[in-house]
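Several structures are given next for inspection.
What follows is a pair of complexes built around chain A, which joins chain B in one and chain C in the other.
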Partner chain A sequence: MRAWRQEDAPRRRRSLGRLVWSLGRQLHHGGRVARALFSSQYALMLEYRAETALWALSGILPFIMLGIWSQLAVPPAGLGPGQGADAGGIGLDQVQLSRYFLCAFVARQFSVAWVVYAFEEDALQGRLSPYLLQPLQPLWRYVAAHLAEQVTRLPFVVLIAAVFFLLQPAALWIPTPGRLVATVLAIWLAFTINFLLQSCIAILCFWSERASALERLLFIPYLFLSGLVAPLEVFPPALRAAAHWTPFPYMVAFPAQLLAGEAVPIAASFAAMVGWISLLLPITLLLWRAGVRRYSAMGA
Partner chain B sequence: MAGLLRYWRTLKRFWGSALASQMEYQLNLLIEVLAMAGNLAGSLLLLWLIYGRGQQLGGWSLDAALVVLGIYTLLDGVSSTLLRPNLGAIVTQVQQGTLDFVLLKPIDSQFWLSTRTLSPWGLPEIVTGLALAIWAALRAGARPGAATILGGALMLLSSVVILYSLWFVLATTSIWFVKTWNVTEVLRAALSAGRYPISAYPAGLRTLFTVVLPVAFLTTVPAEAILGRASGMWLLLSVAVATASLLFSRWFWRLALRDYTSASS
Partner chain C sequence: MAIIRAEALSKTYRVADKQPGLAGTLRHFVQRRHRDVAAVKGVSFTIEAGEMVGFLGPNGAGKTTTLKMLSGLIHPSGGMAEVAGHLPQRRQADFLRQITLVMGQKQQLIWDLPPLDSLRVNAAVYGLDDATARRRIAELADMLELGEELTRPVRKLSLGQRMKAELLAALLHQPAVLFLDEPTLGLDINAQARVRAFLADYNRRHGATVLLTSHYLADITALCPRVLLIHEGGLFHDGSLRELSSRLAPCRLVRLELEEPRPAADFVRYGEVEACDGRDVRLLVERERLTEVVARLLATLEVRDLEVSDPPIEELIGRLFRQGAVT
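Presenting the complex of A and B:
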């Protein structure tokens, strides 16, 4: 696709009308490809609804951690409820904690990526070769699969959230429309970061056949620094500052705080996310190119 | 007795060949050790966040909570050494129809499926977990008497048996529902609650983790035993739960096999 676009470039420059026409044609073509990809992947995902439900359920870690932290936020005996709001020293009360961890759950659910596993399987089983022949960057196929999976996941996440509010009615709240839109955007950016990080590792499959082991290592700092197991407020300031030098807090904690209605530096966080994406995207594409060259060199 | 001996010899063959083939991938050792170090560091960070501000997890001192973390690490090692490589393969056997060949072998099929292979890369985790548990227990003031050691070992054995049975039962359901192969991931996620003593949870979750999903018997009860403060009632209960869940897994497997109709039909 890229080669075709470069060849076309001089001709496109001839007139404005032609440029608009050509752009329109490309957009139209791209739209058709995207729709076909998404709808076929969506049909595939619907087949695996039971699996998706279980994947959604396997993200319950934030609720377990909510159990731990809410016990710590309980004021020690002898303090009145007014004094006790912050007696645990966490800086968050019961309701805020519940909301935060529910939002962390939601943020994680819609930013999950499993490119490494899908790509490793495709590469090992030889399905990758036909994909490489098609005039479409194969990573798009995985993007479509992830987006389709998110749509099939939605009802299960809504269900889990409903059960959560049944158990914790005090935590129920309606986010403002502005926050809601910002959260969707933030989760989408978080997914992009996660997807790019994983793609980089997945592409290493071209060199080593067990790239998924590296993904396990990447998951560890993600787990502890993203805000999935503890709200970042409980980190000591130095550690929190250090965590913000990594992409991990933006992948769960920021969207979660945004949705929960907490005070967060919105503009700075979005800027950091865009920064991480503009760093990771070229790396991914460069790695991809080097990897494909190696792949064909092997003659596989 | 001769039958038992035959199973023992088979087991040695299984694990000998598994070790020989796994030694081809020595880089895995490095990755597993790094993963373990990272996970332990993260868990310690979390404990430090809690205890550093003068709070306690459900009335457990830091050293006592470390015993729980040590046992959790040990069980995680057992899962990656034995449970995941073997029980994770059951669904593949069902999908590809190779389960038929297992059923035809002149050996108990549950034994074959549960012990066929062994991944040595979980061993560092087992050793580290055990060492952490013992070190922390000594720091917490446990007296290493014969009763404590025997009780602790018995409780650890019970918890491994319970974990195995749970995992095996869930893996068995893939005979009916092939598409729910990842149900063991839900189990793994829920069991991560075992990193902390059970009394650190609110009452509702505590009941859930004791009665419905026996997380309490996996890490908290063995930790109490190692610390030498478990009551006889809990020890008996734990052994009873282990025996019952092992028998249940056996019965459940037979039940599943009755409905098994092979991959093609």
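Presenting the complex of A and C:
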């Protein structure tokens, strides 16, 4: 037995070496593809920078909601509307409320997905066909486009945040480095969940040519349960508990609370996000495999 | 060795069947009806490595559907296709690296960026290192006579320049099998000629197999010694254009220029009089009688000039398609 092991060792070392070499080669290839895709998509987004700025501006819903919630706040005697220590009786003072909605704005800006619309247009125009005939899963192109768009958005988001702090200097704060890193990770996971959810709907283009209409079904629960229009604290406890069984609170509310420095169950929330991704990823891949079989190259 | 093999390949599409008008719309809303349309019906052929084959047929004959099945874009409803040793519909990476599909009216280049940006992405996707990619781009750009167009946004290119850039993008990975669907559609005569010359050159240099569809018969006659004629989803002819011509028209065209004008009635006994304009006469003569008829014409008439040719193939195929059925 010992003799067999000794004889076998060089072969195993060789095969391990081959595996490492192959893995390294694949990583190198993946890195080159990612760089090329990102740089071409970034160049494209810069061509559309005015449109990107308008998209960033159009995401100011949280600021509108901040205005409404501030006015609804019941002020203690002697204080004007919106000056209450506990805006709306939700356990957040005016400054915390401002910070929450600013953070919700930031979280939404960097987790937004529009793959369903881009994919549907490509499928209907026949642009999907050449993508399908290249040795690269076409969804990676959309991932690159989203990441490039996020980088293009960054200066506009910073500008909007700067204006916000000029108008509300009391809300200015500096998050701890730990929270900042955790927030970046949370927003990235939120984007992944959003992207996978939309991809599942986008893939339905293989069955129905207008799959984007189905996205509207997702948008309403997303709008209310994500914390975009109101902090989840204002919801009745039963609805709040139910919301946490959906992916939506992790797509805006959790990253926003994390960045704003609020007390949140960090580990449990990250675990839930990873859980949702683990569920959505195989569903996306299975749907993709089934959808491609049905594909009849519409318009191609 | 056969690099493309199709055996009883067929494809049936399910399409919605809706009557026009409000009543038809309401009926369709309440109870959707579908019908099956057989786009390709049991087509079989093989193509050897390095061959250039023309795929002919009228609109809706099933040419594009066949190309899509062979390239793996759509799954066949029946039969089997094998390309470069792979089942196309599996779309394995090794298979995709060996083929390309160019559709004249569709584009893969990013519209708002110069072609070079898309070429960089393609080079990375196909795993070409920078030096190889640069060398191939230079070689193909030289063959296609592309220069500064590669750094101009695609939307600013003319149709011909765009098509050449599309070809460059589609061939950067040096595929062994090219499926070309109307690669010269909409191009002017000069641009068509340049694309044809490029394809012939590419085939010569790289030994690539080419399956080409085109509405311009000049593309086929210039490039393809062999043609597949597909008609109503079935394969009608597999052979040379000359054989196709003989099959479609067992006659030859005899043009006469006479010293003196003669009436059409004088030529009826020789064959079908296609035109008789005094001194210029066009006759369709059966191939078996050709030698005898030409000898008699020369013996009995004062002939200034005589020319024997095949009737134009466009005319013959057009006649076949108009007939709607093949006998």
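Definition applied: the second predicted complex is superposed on the first by the 270 of 300 C-alpha atoms of A that agree within 3 Å, B and C clash if a C-alpha of one lies under 4 Å from a C-alpha of the other, contacts with A are read in each partner's own complex, and residues count from 1 in each chain.
Note that a residue touches a chain if its C-beta (ideal position, glycine included) is under 8 Å from a C-beta of that chain, and two chains touch if they have at least 3 such contacts.
Note that the coordinates shown come from a computational prediction; the quantities given were computed from them, not determined experimentally.
Room for both chain B and chain C is found when the two structures are superposed via chain A, with no clash between them. Of the two partner chains, chain C is the only one that A:Leu136 touches; chain B does not reach it.
In the superposed model, A:Phe235 lies in contact with chain B only, and not with chain C. Once the two complexes are laid over each other on the shared chain, residue contacts for A:Ala36 go to chain C alone; chain B is not touched. Of the two partner chains, neither chain B nor chain C is touched by A:Trp207. In the superposition on chain A, A:Trp21 makes contact with neither chain B nor chain C.
In the overlay built on the shared chain, the residue A:Leu61 is in contact with chain B alone; chain C does not reach it. Contacts of A:Trp245 after superposition on the shared chain: neither chain B nor chain C is touched.
Figure legend note: chain B and chain C, brought together by superposition on chain A, show a least Cα distance of 5 Å. Overlap of the chain B and chain C contact sets on chain A: residues 48. Here chain B touches chain A in the complex through residues 25, 27-28, 31, 34-35, 38-39, 42, 45-46, 49-50, 52-55, 57-58, 177, 179-183, 185-186, 188-190, 192-193, 196, 200-202, 204-205, going by the rule given at the top.
Listed in rising order, the residues of chain C touching chain A in the complex are 13, 68, 71-75, 91, 93, 96-97, 99-101, 103, 106-108, 110, 112-113, 117-118, 120-127. Looking at the complex, you find that chain A touches chain C at residues 29, 32-33, 35-37, 39-40, 43-44, 47-48, 126-127, 129-136, 292-293, 295-297, 300. Considering their complex, residues 48, 50-51, 54-55, 57-61, 64, 67-68, 70-72, 88-89, 167, 210, 213-214, 216-217, 220-221, 223-224, 229-230, 234-236 of chain A touch chain B.
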